[in-house]
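Each chain carries a letter (A, B, C and D) given by its place in the written order, and its residues are counted from 1.
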């Protein structure tokens, strides 16, 4: 039982909160700009590397430079939007998807040009956990990651529910045509969307890098599970994305638990497939997400 | 504006094709590597090692009549499709004399079968370890200094047994190198009388492997045999295992041999707990030290995976061209055996001037590589020597007995 | 006109007035989540007539059309067509049985030409299968000529002949409405459901549209059910109207009588403006309450507009 | 110099062979996306099924993987198409009703699951080590005729497909597919069995993707799961189709060859950089490819070749126009 908590449930939660942060950006772009942004993974990588450089330069804790890294990443993404997405915004969706694919290639190779392909990390050595009740192992870094993720999600919640910009975003994600009719400044909403999505992506990248390490393909590796999370929550629903991220993170980890007998339920080689299988199943049986009908 | 850019791109492409014509006084060898793609982080050091050999050649008199030894890069992306494309460019547009590399076994296999063998170009691989490379119908054109997984896997199993391991869990990344290795290792270890308590694949590039490791640790083996590349999953698995006290002892192979493993995990956490098998002349042997000193001087770590092999293939290609006496594709294959295999004047890494003089004098030479003595058999394979490394007192990879 | 040329191909000759009903609804009900868009609706449509269907926004008119045409599955109740229950039968099967619908927001094939829009309609085209296309092109070409002639006749009738080579997306709203009607003419329909054919159509075109509907009814015997907000249009077209309010039948009868019915006036004046879900034009209040309504609206409308709505992708709400 | 020209000619042969194989994939995707509007982001999955099927059918017997039946290449190509088609039918049955972007993500996920199966079911596929020694047509001819032979085979396939698909596109079949693409609800209301027709297009497109995969396997004589990773086996095909012009077969073929040429020749450019850039030049190449893509997208947002619809020729209208 305690093993289940230590090795399956807690790692699942940590991974899930990272997925959740990434998925918010995907779901907002999908909901408001109406395309699947393949460059979102590279945004995470970019954020993690920016934070790495800042942390190396200042010698501060990665979480101390996180706000600056988030801001810089958001700025970079706004620049990309201006150059590559905005000129195509009135064309068809598929053009935007292809543009985001091109951007994915560009950002990744730029990161490799600037920072190289080798892997780097914020800290060296291994962390030892706090051992509670002689059995439960809690890692300080995991506590900080989950707490920071919760703070960011709370901030997103406040933004969406308390501010005009947030309400406008939700309205647009729900129905862009109607939002336009009611006089919402769509360009401003789009800017806000990019800022929120890129900031959270940067945070997700930094958290993952803080837990493990960072290299040029960090974000790309997360892209598909994050798409799965966004779909699970229902496209255009930031709260759904948070929940979806947690569910995907948990299910990925729990799928290899020996639920029946002593063998892993899903052979670990297929672990990645679990997220995809859930995603496909959700699409087929509940295409509007797990939380259809619930008003968030 | 955009039109201008397109025009500029077209002009640049035309220029590039034009520039492909070899300048006089240059001998081109293709250097195919998986620079982008899943093992990008390993390849940087590999390319640096190949370039170091070229620098040695050029600094010490160059090739043949003083020609520059040029390595033309080609990106094989660890994907046979990309490798065939890169190979076609190297062989046809760049008109290289020989090709070194291609890195991943699949990419090497594709490039060899559909480009280099039909064109009659020698391919000399530094990292392709799949047994299928030996089976190619290659007209004696495909060589490698990387040893086949079969041999390495059996050797590692024996060494593990000798170190007193009886019950081991195995986890391997689902790529060609590591999965093949795991298969051979598990069979050999069982044949010795050992027990494999669990043999599980893991998908590389995940953020956490705690769940898989917990399952493997459940059977309480003596240690974990970790077949992975350090970047895509190895370091994460080490970290997850140590932080959660799931495994304390590790065995592995050269895919894990990198300084960043020690940097990331910390020497103190690994000392006495990890042993990695590497096909290389024992540290301390003259050929290895010659290479290591030179490579370190360029700011690179000589114990990174496969860099010794990469240096060797680059140097060997130059030796073979020098021996053949001309930049002629057809003569390389025979010359390669002559310069690599005993007997002859022993040449160590970096000793280009000595080798050039010996060849000019008509002497037979025998290159002793950084990765091992290098004697090509009839299939173009070498018999490896392997060292087992642990973390030494100085915090670097050090041989253990 | 060319109508006579095709009257022979109309499947059953129009039965006499007052014959057995062609379509009967019995307690038809449709719910979207907590919202009941159609509530125990019962009425009958006689063959050969033009029947009007009116009611305030959200009364469930379009939802009824969607169920009759097979785009939505009824939650309860029966739809009898020729005495047979067709509830839940997919749209394309119903089309082959003679039920054709048009859409309130025109559903043209935007990047097909106007002529192609009509030529795509007829059933049993051998050219719609690949083997004949590749192996017996002559048979395909022969049938294609027939289809084309028929489409050209329809375009002349609809006065769209000049625009035959134009992409349908470039037509005006009114012209698209005509094209919708043209789709019905490409087959031999027994029941044509017109959803607001006059919405957004200018008065000149509207008058022409009325003449066309009357002519199709008179000359070819098409049975029409027409949803329309323009009362004069309905009055000049239909002998009988059905009034719906909040998903139920309020009253029915000749237009003159219905117009004087105080309940009808009440329904229109007191119509619950917030409850517009079923017509898919709900206004976004930005708040959460509107969301359920809009979602239902998307499901009820045919998935147009809202690119990300559950729409037709939801197995629970679309025919199998 | 003569040697140089001969080399460039041979490289041209390789370039066009690859471009031609991609053209087969792009034509397949064009049926799905261009004609019918099905957003299949799982091209790599069907590519892989085709490649592995032909590898198993045509290679010599081996203990490392399933079969090795040593059948002729033609049998392999047919088997590849059939296998892809059958699996596409299964996939289509469960998710063809999904709307565009959802279908994309579902097919992307399914393709990744296929790739995991290829990696993990070692008994059938030799896992990550892949299948080697796949026969290549004409390989026993001397250079350059072996390569030219392969090129001609690929181009013969492309030509046949082009003619068949162009005929299909102009036929009522193409019209009804376009109708579904343009307005699904209206197509239903016009009596079309949208599900069946969409599955038909999906299956046909997937069969061509399988054929493309099979041709690729024969061309490179080796297949492994990395060859079916999404960037070069799905997204690149999409880029080719969108840039060339969706719904236009000529655009599909042109886009495949154009983009493959950019993708491939960019390396010749980046390889000119000094040796200390040996590693970075590869990154730079990918960057340039990305940039070229953006420029073409902004220059030709609707693709280079536009869709062409049937127009009535002035002479064909024999009747009098009504007043």
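Everything below uses one rule, namely that contacts are C-beta pairs under 8 Å (C-beta built on N, C-alpha and C of every residue); 3 or more make two chains touch, one makes a residue touch a chain.
Everything numeric here is computed off the predicted structure, so don't read it as measured data.
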Legend entry - Chains in simultaneous contact with chain A and chain B: D
Legend entry - From chain C, the most remote chain by mean C-alpha position: B
Legend entry - Centrality ranking, top chain (CA atoms only): D
Legend entry - Result of counting contacting C-beta pairs for B-D and C-D, higher pair: B-D
Inset, instruction - Could you give the separation in Å between the centres of chain C and chain D, each centre being the mean of its C-alpha atoms? - result: 40
Legend entry - Separation of mean Cα positions, chain C and chain B [Å, integer]: 70
Legend entry - Centre-of-Cα separation between chain D and chain A, whole angstrom: 31
Legend entry - chain B, residues touching no fewer than two other chains: 35-36, 38, 43-44, 174, 201, 203
Legend entry - Touching two or more other chains - residues of chain A: 30, 109, 112, 117, 235, 267, 269-270, 272, 284, 287
Inset, instruction - Note the residues in chain C that touch 2 or more other chains, in rising order. - result: 307-308, 313, 315
Legend entry - List of chain A residues in touch with chain D within their complex: 30, 35-36, 38, 83-84, 87-88, 91, 93-95, 97-99, 101-106, 108-110, 112-113, 117, 224, 227-228, 231, 235, 267, 269-270, 272-273, 276-277, 279-280, 283-284, 287
Legend entry - Of chain D, residues touching chain B in the complex: 1, 3-4, 7-11, 14-15, 18, 64, 116, 119-120, 122, 127-130, 132-133, 136, 139, 143, 146-147, 216, 219-227, 229, 232-233, 264-265, 267-269, 271-272, 275-276, 278-279, 281-283, 285-286, 292, 295, 298-299
Legend entry - Residues of chain C that touch chain D when the two form their complex: 69-71, 90-92, 95-96, 100-103, 107-113, 115-117, 119-121, 123, 125, 127-130, 133-134, 137, 140, 144, 147, 152, 156, 161-162, 164-165, 167, 183, 186-187, 302-304, 307-308, 311-313, 315, 318
Inset, instruction - State the interface residues of chain D toward chain A in the complex, per the touch definition above. - result: 33, 39, 94-95, 98-102, 104-106, 108-110, 112-113, 116, 119-120, 235, 238-239, 242-243, 246, 279-280, 283-287, 289-291, 293-294, 297-298, 301-302
Legend entry - Of all residues in chain D, those that touch chain C in their complex: 97-99, 101-102, 164, 167-168, 171-173, 175-176, 178-179, 182-194, 197, 200, 204, 307, 309-312, 317, 319, 321-322
